[in-house]
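Down below are the structures I want you to see.
In the two complexes below, chain A is the common chain; its partner is chain B in one and chain C in the other.
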Partner chain A sequence: MVILDDLMRLPGAMAAFEFRGSGELLEHRIAYPDRINPTTLDLLAHMCSANTSIATMQARGWEQMTAMKGFYPVQEFTLIGFDWSVVVSGLRRERHKQAGRSSLPPFTGVVLANESADYEAAFALLEGGGPAS
Partner chain B sequence: MSIVSDLLAQPGVIAAGEYAYRGDRFSYRGALSEEHARMASIMCRATTMGTNMESAMLEALRPGSGLHPPRGWVVRGPGHTVCVMANVFCLLDHTRGSINDIVRLMRQALGDATNELI
Partner chain C sequence: MRMIKRLLALDGVNVVCHFRDDGGFVEGYGLMSRDDMVRLARFAHDYRRMIQGNADQLAMFTGMRGWTPPRGWIVRGAAQSVCGVGNLVCMVDSAGAPLNEILLELHEVSHW
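For the complex of A and B:
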């Protein structure tokens, strides 16, 4: 999983992971096993899956009610915690949908230490590339 | 200046405001109608409450993670981004502004805000 290895090179990267739309953890990389483990990532994946779905519903409703554009589809959801942040993206899935593919790739996420987090660099990596062939 | 004024002075910021955690009031400034700002404040408050509940659950199940207590969240679309920290929200055209700068500004101003009212 090249994208997970690329995400782990971001400043302050603590873990990178992939998960299904239902929230189940698939692949992962962990930089500090004493601080974060697959069980934590699995819970985070479920949390981020739920929040991305809710944000998607809200963005769709917001655009229809306000006629403002640029909110949908949700490209990333980020939770900013006390010391860490989690950034997850489903943009690769959107690209597959738009390309008419029935099999969708997983969501991708990264856990960053807040002090060195570069959110825009994370967005750029998560949004990079087109549909996987 | 207040954090809302500071945010409005940043490039790309469309509107910014505050909501009460108990949900009975809000205020805002920027290019939104009163009704749309009310709707935005309700959605932001609901998501903030949800992420706080989820973070507390995560902390109970896996103590010591660096996520708890949560400070805020960001939702990014193709052209616009919603940034929320504590009880302050900000709508940003991220093609004209920096999400990193907005998050940094909000963390500096609101990073120590208490969440006792949540």
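For the complex of A and C:
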């Protein structure tokens, strides 16, 4: 997967991964197997899936209550931990939905070391390109 | 805590709010009614607690250090994003805002 290899070139990238909307880990790349493993990535993917769903509910509710727009659909969710961050994106899925496709691509994510994390670069990479073919 | 006002000087920052540990609204500035700022503070407080719980469980289940305590979170929509660090939350434009700088500033101001 080209996107995963590109994500691994971000400053401080520790792992890149793809997961289903239900949270199951699919493809992954790991830079430091002594620090993070597929089992951890799988749990992280489930956590990100849950958080993205809850954030989506909140964005939906916020737009209905305030009449403000631009929050829904949630494109990315980021948790900034004490030393590590995880950035996940469902933007490719949204593009497929908007194109009327019934088969959706997976979510994509990257784990970054905070000391060198560049969130703007991560978002730019995750948001780049059109619908996956 | 008027220092949070300086966050509004950063490109793309539209609203910034400060809330207490119980979620109570302390102060807020920017392009939003006070009622909505109170709601934003409440949302940010609840979301922060949820993130904290999830990070704690992730650390417990995996044994991986470095996730807790979490420093912050970002929820990014097509046009608007919401960032939380400590007891601060801000609403920023998704496009063009210097997110790295905003997060650094939020982190610094949250310690005052």
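Structure notes:
The working rule: the second predicted complex is superposed on the first by the 133 of 133 C-alpha atoms of A that agree within 3 Å, B and C clash if a C-alpha of one lies under 4 Å from a C-alpha of the other, contacts with A are read in each partner's own complex, and residues count from 1 in each chain.
To be clear about the criterion, a residue touches a chain if its C-beta (ideal position, glycine included) is under 8 Å from a C-beta of that chain, and two chains touch if they have at least 3 such contacts.
Note that the structure is a prediction, hence the values are computed from the model and not measured.
Superimposing the complexes on chain A yields a three-chain arrangement in which chain B and chain C clash. When both complexes are overlaid on chain A, the residue A:51 reaches chain B and chain C alike. Contacts of A:24 after superposition on the shared chain: neither chain B nor chain C is touched.
When the two complexes are overlaid on their common chain A, residue A:114 makes contact with chain B and with chain C alike.
By the touch criterion defined above, A:5 lies against neither chain B nor chain C after alignment on the C-alpha atoms of chain A. Chain A uses residues 35-36, 39-40, 43-44, 47, 50-51, 54-55, 58-59, 62, 65-66, 68-84, 114, 118-120, 123 to touch chain B in one structure and chain C in the other.
Interface of chain A with chain C (complex): residues 35-36, 39-40, 43-44, 47, 50-51, 54-55, 58-59, 62, 65-66, 68-84, 114, 118-120, 123. Of all residues in chain B, only 36, 39-40, 43, 47, 50-51, 54-55, 57-58, 61-62, 64-80, 82, 85, 93, 98-100, 103, 107 touch chain A in the complex they form. The residues of chain C lying in touch with chain A in their complex are 36, 39, 43, 47, 50-51, 54-55, 57-58, 61-62, 64-80, 82, 85, 94, 98-100, 103.
Remark: chain A residues 14, 35-37, 39-40, 43-44, 47, 50-51, 54-55, 58-59, 62, 65-66, 68-84, 86, 113-114, 118-120, 123 touch chain B in the complex.
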